[in-house]
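Below are two complexes that have chain A in common, paired first with chain B and then with chain C.
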Partner chain A sequence: MSAATAINRVMMAAFAAFLVSVPWSVPALINSFWVSVIAEILIWSLFAASVNLLFGCVGLLSFGQALYFGFGMYGVAIGISDLGLSFWPAFGLGIVASMAMALVTGIFAVRLTWHYFAIITVVFSLIFYFLALSNKWLTGGDDGINFTLPPTFTFGGTKWALTDPTFQYFFILTTVALCFWLMHRLIGSPLGKAFLAIRDNDVRASLIGLNVYLLRLIAFVLAGFLAGVAGALFAFFGRYASASYMFYHVSGEAVVWAIVGGAGTLFGPIVGTSIFIIVREVVSSHWEHHGLIVGIVAILVVMFAPKGVVGLWRQWLTSLSERTVTPADAAPVDIKLRTEP
Partner chain B sequence: MEKLLLLAMNGLIWGLIIALIALGLAIIFGLLDIINLAHGDFFMVGTVLAWATLQSTGNFWLAFIAAPLIGFILGALIQRLVIQPIHNVAALSIVATFGLSLILQESVRITFGPTPRRILPPIQGTVPLFGIDYEVYRLFAAAVAIVAIGGFFLFLHRTQLGTWMRAVRHDRDTAIAMGIPAQRVYVLTFAIGFALACVGGVVAAPITTVDFRGGVDILPFCFMAVIIGGLGNLPGTAAAAILLAFLEGVIQSVANPTVARISSLVLMSAVLLLRPQGLFKGFAR
Partner chain C sequence: MSEPVLRTENLTRRFGGLVAVDNLNISLPGGRLHAIIGPNGAGKTTFFNLISGLLKSDGGRVFFQGRDITGLKPHQISRLGIKRTLQIKSVFPQLSVAENLWITGQAGQRFLHPFRAASSDRAAWEKVERTLEQIGLAGLAKRAAGTLSYGDVALLEIGMALISEPKLLLLDEPTCGMSPAETERAVQKIRELARTIDIVIIEHDMEVVFGIASDITVMAQGSILASGTPKQIADDERVREAYLGRPEDEDYVEEAVHA
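Let's turn to the complex of A and B:
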């Protein structure tokens, strides 16, 4: 085991231990407000991961993921407040709605690539943003829909609901961790390898017999699933849904988080999202113009770490192992092609 | 009928202004191959500069000189300091311009304030036109936009710098081999793009509100014009901007503005899917 893998394993274990201990350690160290900030970071990381799955693994830059996030939100909110569903069916409705929407729009969108793909995804999300704004009877427009949370589990007399902050945190952590684990498995599977082949060269991928269109559509629906889960979680977390989360600025932020963290890496979205949300929370309590700091950070990262923070980290690890290991062992790692953490 | 005429006229004139802004976006897109998410904010900076000029000198007309000049300098600086170091990598440029957009919006919010303001049209009064009383300033705005667009095309086709810009866009390596300073052409292109958006901002300032979020709505509209017109097809971009705004104006006379916006977005999806090379391919090159 090289020094780099050892460091990575220790970091992973420390990170996992930290996440599990958050509801107790964070209130003791800072205050309990930060528990909900970390829960929010987890949700938005999942959203950034959906951009990352498309851009980092298949090479399609989507600027419209907020559409599927919004469908996840509205699926939950409309399911609970209008249809009277309980917790799990509403969660399911949110996810199914966003995946169905991703399938319908994906059929058209993945016919295009690069600039055209980026723009058609914005256009689709704008169409539904304006529809959501104007159909106030269904969506509540800009004000959104507020709803009261149904209990998550009921065992006889005992109820578990997200109103308990610790339960809510662990519910979000479990769901997000499950999605990231699924994504990790996906990238290692033959399907994931096919995605990477398309990202690196779609012509060659089609020449070895891969159905590029179908694979891109599958990736698009999977990304819609991730965004939908994130949206549904965010609806549960905030107890409301609003059209403003479907605007293209929300999609744009996710693109920035994913690229700043490191596109194509599993942990990139988490790192990028954490940086921006922590900066926002720390600065916004002292100074209302936190957007200025966010903008400067985004520009500095692309100028000095074009492969993202995770890319920078790997570069550092590689240089470390090159110094300690004999040169024969230190095969250069192609950062762009490495996808596991 | 009068309402239709009024909204159609408004749409047409708004389209001319958008065409001006979209041309700036199109040359940046075409030459540097970057998706400039800050372009709407370049327009917003133009409206704010118009307001600032009016406040400090009491003369609106000075803004027509000051705003493009400041825009040109800012554009050149941004290209040198931010865009060039990232070697025009498209994915990175999206992040960089998104950051730039936040920086511009927040800087304006700090200096100018969060509340939207209005500028009174420097030319008051109305003039009878096809049976309706039409604001003189809007007609003047249309004239300015036409002159600016015409001037830009003259610059592109009749001057050495314009020829260089077209040459670098056509074939960068050959252009460099012929001794054209491509790096400087990039700086110039970005600066001109910013300056055009600023002219659009000054012209539009008395028609819309001056607000630090003023660019957010403009940006998708400009992209629609660039795509429907065809990437890199500058006359097509201008025509598409005018057509889109005119259509939205006409639809607004029978339905609400949101429906109008949705229909132009649907039209754009159709163009993207059926004619990704743009509506006007074959008409102009």
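Let's turn to the complex of A and C:
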């Protein structure tokens, strides 16, 4: 095991230990408000992972993932308040609704690439944003739908519900961790390698026999799944759903998080989302223009660290392990590859 | 086998007013190494694009081993066993050399497992290792393909062609931009491949063409100007006048004078 792998393992273990200890350590060190900030970061990381799966692994830049996030939210909210579903069926409804929506829109969207793809995803999300706004009877429009949480588990007389903050935190952590584990498996799988091949060179991918259209559609539906789970979790977390989360502004934020964190890396979305939400929470109470910091950081990263913060970290690890052997030569190559059309 | 490996009927492709491939009727029998030569703009690459499905034809049909493949998608044509390389070297730059070979070997499968580790497929990786040995890139297996030298990328392309077990291989200027030593290595590989695989090669380097081809087709303005054995082509007056009699450099000089 190389030094780099060892450092990564230690970091991972420390990070995992921290996440598990949050409900006790964070109130003791800061205050209990930050427990819900961290829960929120976890949910939004999953949303950023949805952008990352498309952009980082398949090379499709979507500015419309909020649509599937919104469908996840509304699936839960409408399921509980209108259809009277209990917890798990409502969760399932949210996920299925976003995947179905991703399938329907994906059939059209993945015929296109690059800016055309980006535009069509924005258009789809805007259409449904305005539909959600105008159909107040179903969606509550701007006011959204509030609902009362049903219990998650019932065993005899005992009930576990997300109303218990610690249970809620662990429910979110487990769900998000499970999704990231699936992502990890996916990236290392034959399907994941096919995705990477398409990202690198779609013409060549088709010439070696990969069905580029179908694979892109599969990736789009999987990204819809991740966004849908994130949206459903966020609905449970806030006990409500609103059309405002379907606006393209929300999609754009996830794109920034994913790229700053490191597109194409497993942990990039977590890193990027954490940075921006922590900055927002810390700075916004003192200074109203915290968006400025977001913009500057995003520009700096795109210019100087095309592989994001995780890319910088990896570069540093490589230079650390190669310092004794040969100078690192990875950096200029990375930059060249990212500018490919 | 009487059925030719590749046959076209009145194959046509226009780009606006330009007819890039003009009513092309070509028939290539199996078991031979065919070369297609001709000046720039003769329609050679367009011809490959039409066969491999990257371009749709405006008319005519393409038959592969007697089967009509006109209008099929690139991946469908690839899965029938027609593999090709691109004129501009084209691999998966961020994947490692080994991964490039691996995915090429797997791409024909209908089902790509979403969650099983790709590294667990022992047989597929053994095949990758054999191919790495064959093309002499075993030492670079873990390098990102985008960091390879030009000649090594070309070898990787040949390795990718090998591992996909093609029935028909279309090579578009495989030695373009190579050093003499690299060219020699590549030519050697192509000769080896030609023993078991039908190959059609587009090439500008006349030394290479006359060294390896068993049949040569000369294209000009989207049509066939002449075809035959290397000797027949070398002796053909029209071909001599048009393409072989004058080194390419003089063309440029002449163009410069008229400009």
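The rule we apply is simple: the second predicted complex is superposed on the first by the 323 of 341 C-alpha atoms of A that agree within 3 Å, B and C clash if a C-alpha of one lies under 4 Å from a C-alpha of the other, contacts with A are read in each partner's own complex, and residues count from 1 in each chain.
We take it that a contact is a pair of C-beta atoms (placed from the backbone, for glycine too) under 8 Å apart; a residue touches a chain by one contact, two chains touch by 3 or more.
Since we're looking at a predicted model, the values are computed, not measured.
Chemist: Would chain B and chain C fit next to each other on chain A once aligned, or clash?
Modeler: fit
Chemist: Which holds for A:L83: it touches chain B only (first), chain C only (second), both, or neither?
Modeler: A:L83 sits against neither chain B nor chain C.
Chemist: Check the residue A:L138 against both partner chains and state whether it touches chain B (first), chain C (second), both, or neither.
Modeler: It touches nothing on chain B or chain C.
Chemist: Pick one for A:V104: touches chain B only (first), chain C only (second), both, or neither.
Modeler: Neither partner.
Chemist: Write the angle, vertex at the C-alpha centre of chain A, between the C-alpha centres of chain B and chain C, to the nearest 10 degrees.
Modeler: 80
Chemist: Contact-wise, after the overlay, does A:V294 reach chain B, chain C, both or neither (first, second, both, neither)?
Modeler: first
Chemist: Could you say whether A:L178 touches chain B, chain C, both of them, or neither, answering first, second, both or neither?
Modeler: neither
Chemist: With both complexes overlaid on chain A, does A:A3 touch chain B (first), chain C (second), both or neither?
Modeler: So A:A3 meets neither chain B nor chain C here.
Chemist: Which chain makes contact with more of the residues of chain A, chain B or else chain C?
Modeler: B
Chemist: Please work out whether A:A17 is in contact with chain B alone, chain C alone, both, or neither, and reply first, second, both or neither.
Modeler: neither
Chemist: Quick one: minimum Cα-Cα distance, chain B versus chain C, in the superposed arrangement, integer Å.
Modeler: 11
Chemist: For chain A, which residues are in contact with chain B within the complex?
Modeler: 55, 61, 108, 111-112, 114-116, 118-120, 122-124, 126-127, 130-131, 133-134, 248-249, 252-253, 255-256, 259-260, 263, 289, 291-292, 294-299, 301-303, 306
Chemist: Give the list of chain A residues in touch with chain C in this complex.
Modeler: Spelled out, the residues of chain A in touch with chain C are 182, 185-186, 188-194, 196-197, 199-201, 203-212, 215, 329-330, 333, 336-337, 340.
Chemist: Sort out for me which residues of chain B touch chain A in the complex.
Modeler: By the definition above, chain B touches chain A via 35, 37, 82, 85-86, 89-96, 98-103, 105-107, 109-110, 216, 220, 223-224, 227, 231, 256, 258-259, 261-262, 265-266, 268-269, 272-273, 276.
Chemist: Where on chain C does chain A make contact in their complex?
Modeler: Where chain C meets chain A, its residues are 52-54, 73-75, 78-79, 83-84, 86, 90-95, 99, 102-104, 106-109, 112-119, 121, 144, 146-147, 160, 164.
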